[in-house]
Amino acid sequence: MIKSYKLRRNISNAIIYVLLTVLCIIWILPLVWLIMTSFRGEDVVYLNNYIIPHEWTFDNYIKLFTDTTVVNYPRWFLNTFIVACFACVISTISVLMVSYTFSRLRFKSRKKFINIGFILGMFPGFLTMVAIYYVLKAMNLTQNLIALIIVYSAGAGLNFAISKGFFDTIPRALDEAATIDGATKNQIFWRIILPMSKPIVVYTVLTSFTGPWADFILAKIIMGDARDNYTIALGLWQMLQKEYINDYFLMFCAGAVLVAVPITALFLKMQKYYVEGVTGGAVKG
Amino acid sequence: MDFISYAQMNGFQKFFYNLGQFFVHLPHNIVRLLKFIGRAIVGFFVGIGRAFKFYGLSFVKGDWSTKISYLIMGFGIMVKGQIVKGLVFLAVEAAYFAFMIGFAWQYLSKFLTLGDVISAGGMDPVTGMPVVAQQDDSMLILLYSVMALFVTVLFLMLYILNIKVNVALQERRKNGEKINSLREDLSTLLDQRYHVTMLSLPTILICLFTVLPMIFMILIAFTNFDRFHPMGGLFDWIGFGNFADVFFNNPKKAFTFQTLVGWTLCWAIIATISCYIVGVIFALMINKKGIKGKSIFRTMFVMTVAVPQFVTLLLMSQILSDNVNGVANILLRSIGVIGEGDFVKFLTDPWLAKIFVLIVNLWIGVPFTILSASGILMNIPEELYESAKIDGAGPVTTFVKITMPYMLFVMTPALIQQFIGNINNFNVIYFLTAGGPNNPELYNAGDTDLLVTWLFNLTTSYNDYSLAATIGILVFIFCATLSLITFNMTKSSKNEEEFS
Amino acid sequence: MYKYTKRILCASLASLMAISAFAGCGDSSTESSSQGSSSQGSSGTGSTAEVQQYTVDQMMADAQIAMGDEDNVTLKVWGPQASIELLQKQCDAFVQNFKDLGRTITIECVAQGESDAAANVKTDPSAAADVFAFASDQGLDLFNGGYVQQVRLNYREDLESKSISEAYDTVKFQGADDAEEGIYAYPETGDNSYVLFYDKRVLSDEDVKTMEGIMKVCNEEKKYFAFNLGDGFYGCVVPFTAGGTLSLSEDLQTQVLNYDYDQVNAVAKAFVDLCSTSDYFKSEDVNQTLVSGFKNGTYACGVVGSWQIANIEVALGENMGAVKLPTINVNGEDKQLISMYGYKHLGVNAQTKYPMTAQALAFYLTGEECQTQRCKELGWGPSIQSLVDSDLVQDNIALSAIYAQREFSIPQANIRTAFFNPTGAYGGYLVDPTKDHSDAEMKAQYDNMVENITVS
């Protein structure tokens, strides 16, 4: 009886191993394709029916950093990094401020604020891109990085739901005890709540830092023809346009790999915080 | 249905029961929502009425410095001892009038007509140069008018605050209470009124870059700002014309709208449910006891999340393309599934394209579900399983009775979020098919176009701004209603009440 | 009032300078524009002498006047990436002419593809380039929206006399004041169309004359023939070959199709019989496949535009052949395929701060010497008739094939964007083997196309 149970378990485990391996290959294959293509030495347009390059080379990577007249990859990379850093700091601060306020402070029309914020958060930002462009233009901010930082971080306060859920799970008794000890609400926020909220801080930092690396819609309309201020996503997208794809496809692959590496590393490192963030306070509660 | 019979159901039954309940309660909830909106509107006007009453009464009761404050903001506050605060109010007033006179009035004054032609064009016979017709820029008039109205509302609020502070100070003086120094005032911002400190910056940013553009977009929907009324020129108010077009007036637009609403809902439902089910199954397999290398498997799947979406999606569209370089077709041909010279139109046949965007979406979306589902699975209390084992439950029973209900309980809010996210899922469609294959029966749209991609194309390629704005409003109303209803139904908001 | 007197002053100055320019013709060409003289030498036929040409000097004089108001001019020019280096050189040459006169002009050339350019101009004209290149399919929209400035009177006659007549017609736009004959852009190239490119190792000169000949070889050799009928730019070949033409309603808002169903259907049937039965006829985005297909030998031929010439030359080398489109057998009669013929133009932004200088620049950039340079260095076909007739074009296989097709084409003018998708859908339907091609269905598809184009 026990033997057959073990056998059955082994068989089912074996099946699962096989299944998972196959599925992993399916999931990972396009990425492998991308990486392999980035090392191709032979001249090809687009993907092809083989994965392993006939001729291995680093040229595509080297060219990204040396041949910068048309495709100024290092500059774009730097731009994106700068934008991501600033946007990340501003977003994180405003998300934490808003969610802490909604979660732990009690004031008049708090409920109304939460509902309004919730509804506004439903509105996809790019629907208003033309208006945003002209608001920025009125402030004389188009075609530069500050505009992007503002656009990526201005609405961040609306994404308070997840971190509010997290703050909700921290026992109220902590605040009360601190208040009795004479701490102001400001001190409570900085000295007590924030240190306890590492997972949610990391989650917010992670999501707001990776955003600018992927968006190209807003970047496209704001940057227009100012190529020196392009972000990486916009630049890569441009390399796939009809005019460029024939000459730059391999460099596109190399560029995409280079963006993916740091983000993937970051993501894998911070995975557990991400999970805690996505599942909200639920996992803890 | 009582609690016991609910508790006896298995996970799927519960899920469908909840789903059913959702629709059963839908009318009731919509009514609630409408009531809420109605109350909000009534409340708004009552508030304004109160403000006026307060305004009048305070003037009658106020002392001389308060009365002067009705004209010169902050005057009374300065006289009553709070110099800096009073100066701030005064500065606000000065800045407001400078802004209105120096900048905003030229636009706001034309808000109702949206501008007119100032001079005609033609050719200058002397220089041989064309004379450009001088006309107002309706779009800027609209945008800056909205901005000016915004600032005005803000100013009025501060104005009322000015009076309130005056009255409060007067009251304190009369009662012989101490008047706060600046320092004391500031310190309340870090404690009793900490919410003001915390919310002001995000609120300003949100107003400027979310609310203001949104109101602007909403107003655009009531104009005829389209490709015949170009950027930088004139357009007019046309009332509800665009909405009429979308619903019945213009058969082609109406047909397109209906078709796309149908497909968008289909897409959102199938995409959400398929990603959820497949993701949970994968997560279960990875987290099964006795499977080694959990983290390796998980990492493999998660890698696809980390690569920027548009890169992977463009890659997929290359792989699935039906031209000679389409890798998928080459593979099928070399295996012999399809004949030499044949090809499968993965992304260009109307039906296949719909199926394949859903499949690729699975590829994109499943790792997210795996991530969160794994987290939840690891957190299911071990005791539950042990007690089930003691009761002699097999793996299937434990799954149906314990795992599934638990997951559903935790993930329902996330699922609804995902559903709304899918309605607005721009990336997958835009990068994979760009809405195509093109369908000439639709108004500038293709077979896989969602409402959002349609509206994006209308804006960027066809300059149909007003139509795009109209659709944007409709999508927004739908999503907001849905999420408000579900938000109020889910536990999270109730839990919060218990907590507070 | 002040402005008016200033203008009169300017005008008199203009005539004065024009006279002095004419008087000093001999030495001024050596002094101010050495390139101008070289271009005259290269075109050489002397046609310039007969038609009264608007000379570079005259133009400079004009621009000089204009700059009475326009001091310290800064202009931005948009052109495709491939041309940007040459464009900047040409702009610098333009600026050089003013240096001696003590004027400062700064011109910045920024890469912006032609299709993107129009879209970006429409999004924010004030941030767009002062002078930008666009393809003729965008013309109507740009004109309707008032984004492009009317061409200066003084240049009109010159442009009319030297340009290919259809190129000139495409910048006129129906509905513009007929008495004034106003034009709204400067023709820049005259080759924005497509012909048949083929691999000489597979197809003979005789084969490529007819669709039937090509298909026969392709089926035998198992090699592809790419012709993207699913795209309206190519798909319009079907109705055009049947004698169809296009026009616009008076308010420019509705497309009028002068098609005859029976004739269109006859041509359509010929395509159905020939193409939808073969595995080797491919209606697909040729830009993505043809070049690599030629490279790896899977393609015998394909119909594609001039923008791929350079790539195809690399892929096929001396085996590249290019001819006008073939004929197709309709009810026993060989009918020449009629194509759509586009042009590229330079437009002057209606909101430019320096209209005079911008117009002078556009005129200069589309002038003979600049077009010659572009033809030599980039392989762009000129829009100036005398250059088209010269050896420069005639010795080039691909370009001469394209210009040969011009006779059998309909110029891409007065076409609304709503024309393309339904036409492409119809073309794609005809050659799709999986579709039902019964008479009733053919009629339904045709009606569908017509309705979708004409309902605005």
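Remarks
By letter and in written order, the chains are A, B and C; residue numbering begins at 1 in each of them.
The rule we apply is simple: a residue touches a chain if its C-beta (ideal position, glycine included) is under 8 Å from a C-beta of that chain, and two chains touch if they have at least 3 such contacts.
Given the structure is predicted, the values throughout are model-derived calculations rather than measurements.
Contacts between chains leave no pair untouched here, as each chain touches all the others. The chain pair B-C and the chain pair A-C differ in C-beta contact count, and the higher one is B-C. Here the CA centre of subunit A is 18 Å from the CA centre of subunit B. With each centre defined as the average position of its C-alpha atoms, the distance from subunit A to subunit C rounds to 43 Å.
In subunit A, the residues that reach two or more other chains under the touch definition are 45-46, 130.
Multi-chain contact residues, meaning those touching two or more other chains, occur in subunit C at positions 123-124, 288, 292. Of all residues in subunit B, those that touch two or more other chains are 325.
Those residues of subunit A that touch subunit B in the complex are listed here as 9, 13, 16-17, 19-20, 23-24, 26-28, 30-31, 33-34, 45-49, 94, 97-98, 100-101, 105-107, 110, 113, 115, 117-120, 122-132, 134-135, 138, 150-151, 153-158, 165, 168, 172, 184-186, 189, 210, 213-214, 216-217, 233, 236-237, 240, 256, 259-260, 263-264, 266-268, 271, 274-276, 278-280, 282-283.
Looking at the complex, you find that subunit C touches subunit A at residues 76, 78, 80-82, 110-113, 116, 120, 123-124, 127-129, 287-288, 291-292, 295, 311.
Those residues of subunit B that touch subunit A in the complex are listed here as 139-140, 143-144, 147, 187, 190-192, 194-195, 197-199, 201-203, 205-206, 208-214, 216-217, 220, 282, 285-286, 288, 290-291, 297-312, 314-316, 318-319, 325, 327, 330-331, 334, 363, 367-368, 371-372, 374-376, 379, 410-411, 413-414, 420, 424, 426, 452, 455-456, 459, 465, 468, 472, 475-476, 479-480, 483-484, 487, 492, 495-496, 499-500.
Within the complex formed with subunit C, the residues of subunit B that make contact are 123-130, 132-133, 227-228, 230-233, 252, 321-325, 339-342, 438-441, 460-463. Per the touch definition, subunit A reaches subunit C in the complex via residues 44-46, 70, 130, 133, 137, 142-143, 221, 224-225, 227, 241-244, 246.
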